[in-house]
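Given below, in the form of structure tokens, are the structures.
Presented sequentially are two complexes of chain A, the first with chain B as partner and the second with chain C.
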Partner chain A sequence: MELRKTIFVLVLLMALGFLTAPLPAAYGGEQVYDQKGGPVDTWNRPMEKEFKVGDVYSPVHFMIGIAVAILVLHLLKFKFPKVVPVVLVRALTSVGILLISWELIVYLHWVRSVLLPPPTTVIAKLQGHWAKHYLQIHILASVQRLFTAFFLAILTGVPLGFLIANFRRFSDYVDPLLNLIRVIPPPAWLPFAILWFGIGNPPAIYIIWLGSFFPILLNTIRGIRNTQQIHIESIVNLGGKRMDVYWRVMLPSAFPTIFTGIRIGFGIGWVCLVTAELVAVDAGLGWMIEDARNLLDTPTVLGGMVVICILGIFFDTILRKTEQSIVRWQ
Partner chain B sequence: MRPLFFIAGVSAVLLAATLLRYSAANVIPVRLYRALVAWSLFLLLWEGTLYLGIFSSMLLASPSVIITKTLFLLEKGYLQANIIATLGRFLAGFSIALVMAVPAGIAFGLFGKAYEWLAPLLNFIRMIPAPALLPFAILVFGIGEGPAVFVIALGSFFPVFLNTVRGVREAERLHIEVIQTMGGNGMDVLRHVIVPSALPTILTGIRIGFGIGWLVLVSAEIVAADSGLGFMIEGARALLETPTVFVGMATICALGLAMDIFLKKIERFFILRRGGDLLTSQSNSTERNKPTICSEGRLWKWS
Partner chain C sequence: MMRASVERNTALQRADNFAAGVSAAGTKTIQNGRHVIEIENVSKSFFVYSSNGETVITEKKRFFSRKKPCELVALKDVTLSIDHGEFVSFLGPSGCGKSTLLRILAGFEYPSSGNVKCKGECIQGPHPQRAMVFQSERAVFPWLTVEGNISLGPRLQGTEGEVRKERVAKTIELIELKGFEKAYPKTLSGGMLQRVAVGRAIVNHPELLLMDEPFGALDAQTRNNLQDHVIRIWQSIDQSIVFVTHDIEEAAYLSNRVIVFTARPGRIREVVTINLPHPRERTSPEFLEYRNHLADLIRH
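For the complex of A and B:
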């Protein structure tokens, strides 16, 4: 039952990915998008006056605030050791100390704030982008692209892996060609992807698909190959048909391995997404930071990196939790 | 090279293989034969469609043109210069990562308390994909060697570091105590227990780090360099020089493959030298040495 549930969830997610994909993606330039939040230029960039250090948030207050928060956290931990998880305390302390020292080196003018904008500026900038819906456009564009390519990779990788693992003759003919493609790093396809599909979603989807396809394929093959012979034989002895072996033995026993492949593929796809967006698209978080780099808008560059990082952690945590539950079931 | 020569050559190879296969079945193993058939049919299809003008030769270069172009680029020394630039950049970034990650990993593996405090922060930084740091690195270092080396070092740092920490932490308590009982000091424990027992894990980390570093290298060169193979293919793309793009891709692929095989050999050597893992590593290595993905027969037979 567990397997069916998980497959059902996956199919649901897949359907969601495909449903969100044809939503009107906010391509820069095509639609001038939010007029309420102030003037927008042709690429939907919010036009704002330049940020200065300490414009919105005072650096001193920020540093003191974080230091106080860390202290309070430790006091709470000391008072109620059962309630406050130790991992949380450690995580927040180390991140807080990093934030304070980052703010401090800019505040003391050890580093130029153009090259390394302090956290207060980054937060203010991200807030501004959020208020003008600029950030949401790019997050949505990235996530749509990622999910479309990722589910395409699952849809192609798992059946192909199944065929390769089961049919000797088929695999003998297909493997040499696949191996040839597998060893080319996905970013090396970028020039061709642009040449073939033009700037926009298709080249990025192609690159992400390539990145996540092979881990999924290889893990599917490995999972199905590692099916225990005795399980198959017992099903056959009990009068099972070929389809019973495929559906009741092979897929369930390979499923954890396949899911590991899906998680690894997602990680590589995430890296490829950012690479593709730096070069081949006109919307998305990668495009946003590259564009901000061209305008020397360093707070947006760093803010975009933070957003990418948080999104990555979010998806990775979901996949990891699912994987853990699957492994426990097995 | 003329397209017709190429088609004739590939067909001749295919024909010869088929004749050999069916006259004396043991000369060519069946899997090699099938791989040959797949490859040559693929090449014939590729060359043929372009020769017949089904695809525009702007978008896809035929194999014969690619071979001619490779020879031309080699003769001019352009390809060699870019290979050297790429390899130099990669080795610089990768060795920076190794020099930082291995000692740091050993230190943090030994002092577990410090690692537990730092782990959340490292996990946070680890989740930033290395290419996302490119725009920032360009701002800090400028176009050229700096950003690429930085991003490669960062991309390959974490796999090596995390595997080193794991390897050091998995060292057997008993072995350490044996050394200590026999009067060894901390240095002896490090040299005779911890480093040798962590070595296989570290080497695995190095190989994973190499894979990620190589991927990041290509993207860094496409975005932020003024030499190297990635720069070459991106520049050729801008000039619609499709054959050069193919030559660059093939070179990247060949270099990556060669280095991966080299690292696997090193890994295998070090693992084999440790007597304990001999059995398992041998079974692994025979599996790895098989040339294609599919290496086993059918799983079950129908009676």
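For the complex of A and C:
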């Protein structure tokens, strides 16, 4: 019970933090104004000329280094099988082999490096962006947007699902509407979202909310409808009133299903995020990718994809761990 | 005068026994004539509609159904009263309505005709004074620990703080699950779970404990253990228990009175009073005589 409270408070604080954090300045360095007073280049993008790509890491050293690391890991696994997690070593091995072959086909000029930037270039590029605080701005903008929409989706999806699952008449009226809206892919709303909410965060938040709302809603409905009759009868028999049935039986017994919905919703929201950021906003990882595409800056495009991948895994791990620690009874 | 003194005695006894948490053989007093439950001419029928092998059971009559209707009478003209402190078993073949009668006593269902009174008042839905132990051990809330499951009753009654803690601790001692307070139900065995269910029911000191084939799904060894357990609990809480079972030996082993039902529609076939002291010997000739008598009643 204590743990649940702690996690609840943590999540609440996180939500509050993301919602109230002041937006970062929309540029990395000095803002340059032209004579008429308007911003010329608000982004101060790190250009090719500012740091040399390819000089930072030698591809040969990179490949040899990764090969050696794999070998060392396997030796460690062989030597201390109880300490080293075998599954992790195997996973890292396959990732390492992928990296080596990727680097190799570019190094051997089988593929032109602009079509498939090698890992060394991507890493160097990301480092450059990080050093100029360019990457952080976009990550923060994306994550903030995502979490705002995500918490909105939880705050709307769970209560609405609860009402639909419990009140037959309400569900008869509302369900058809939701089913109509549900089959429209969220990105299709983009034009109207921009028309209604203007340029900036709101349309993107709307799209992400739409993406993560429906999995949460549907799973809540399913979880609450699957509450076992015998549990409801038990609590009524112990002297529980209507509210006790809702709070002490339906919510806990539906919680694992609801949390699965939350995780799926987060994944879909993450997909919608990048789509939504391709238009209508001026910061965010999706925007960064789109902007780099316009400049044929393929290492940044790939770097953005890598960052999105890592962040996605990171947040999903956090959600999974939270679920495990809350649903210890399963 | 006499009545008052008896009542005071039993109240004291109850408090003492509950505080001690152990059984004191032979202290159980049954107060004949003081009815806890009065069942008068109770009938219960469901409506069955079937077509092409698809069958629907409802409590209400459907007037515009294209399916073929027929009335399924589960209980017919059952009249019975249960005294304070008694251990009554409902015995009958499967589908004879004994569980339905128990659910009517619990307040989950209402009789189609007739009256059910608990301490002189008509039953209006479930009440914690008539606690139910369900057939399946899945009725224990899996998201609460053993302690959480048992303390839920007092919590819903508004019992707070030390009183609740003390009561829960005593109940856990009574069901012999000390050391498992913080365990989640998934880690417990079926027999332990049923004991948790019993503890959850008795923690509020209910007037009547309703048990719906609680040991039906358990193996023979565990069942025998739990039967002794139930007897101990019954002797120490000094309240009435209504026990539904289809196991003849179980009924003969546990109860003072066995109500034998006929097959559908369920009527009372015979009421068998078993005058054997607890603990009973399963192999003694008197016990076997009762057992064979009950078996005969069931068979014919």
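Keep in mind that, in the parts below, the second predicted complex is superposed on the first by the 281 of 330 C-alpha atoms of A that agree within 3 Å, B and C clash if a C-alpha of one lies under 4 Å from a C-alpha of the other, contacts with A are read in each partner's own complex, and residues count from 1 in each chain.
Keep this in mind: a contact is a pair of C-beta atoms (placed from the backbone, for glycine too) under 8 Å apart; a residue touches a chain by one contact, two chains touch by 3 or more.
No experiment lies behind these values; they were computed from the predicted model shown.
On the shared subunit chain A, the superposed partners chain B and chain C are arranged side by side without overlap.
Residue contacts after overlaying the shared chain place A:255 against chain C, while chain B stays out of touching range.
In the superposed model, A:178 makes contact with chain B only, not with chain C. In the superposition on chain A, contact is made by A:239 with chain C only, not with chain B.
Once chain A of one complex is fitted onto chain A of the other, the partner contacts of A:113 are absent, as it touches neither chain B nor chain C. Taking chain B and chain C in turn and counting the residues of chain A each one touches, the greater count comes from B. Of the two partner chains placed around the shared chain by superposition, chain B is the only one that A:305 touches, whereas chain C remains out of contact. Contact with chain B, but none with chain C, is seen for A:194 once the two complexes are overlaid on the shared chain.
In the superposed model, A:142 lies in contact with neither chain B nor chain C. When the shared chain is aligned, chain B comes close enough to touch A:271, but chain C does not. Contacts of A:227 after superposition on the shared chain: chain B is touched, whereas chain C is not. In the composite built from the two structures, the nearest CA pair linking chain B and chain C is 5 Å apart. Chain A residues in contact with chain B (one complex) as well as with chain C (other complex) are 233, 236.
If you check the complex, the residues on chain A that touch chain C are 1, 228, 230-231, 233-240, 244, 248-249, 252-253, 255, 328-330. Residues 106, 108, 126-128, 130-132, 134, 136, 138-139, 141-144, 148, 152-153, 156-157, 184-186, 200, 204 of chain C are the ones that touch chain A when the two sit in their complex.
Interface residues of chain A facing chain B in the complex, by the touch rule stated above, are 87, 90-91, 93-95, 98, 115, 164-166, 168-169, 171-180, 183-192, 194-196, 218, 221, 224-225, 227, 229, 232-233, 236, 242, 245, 268, 270-271, 273-275, 278-279, 286, 289-290, 292-293, 296, 298, 301-302, 304-305, 308-309, 312-313, 316.
Residues of chain B that touch chain A in their complex: 30-31, 34-35, 37-39, 42, 59, 116-121, 123-125, 127-136, 138-140, 212, 214-216, 218-219, 222-223, 230, 233-234, 236-237, 240, 242, 245, 248-249, 252-253, 256-257, 260, 292-294, 296-300, 302.
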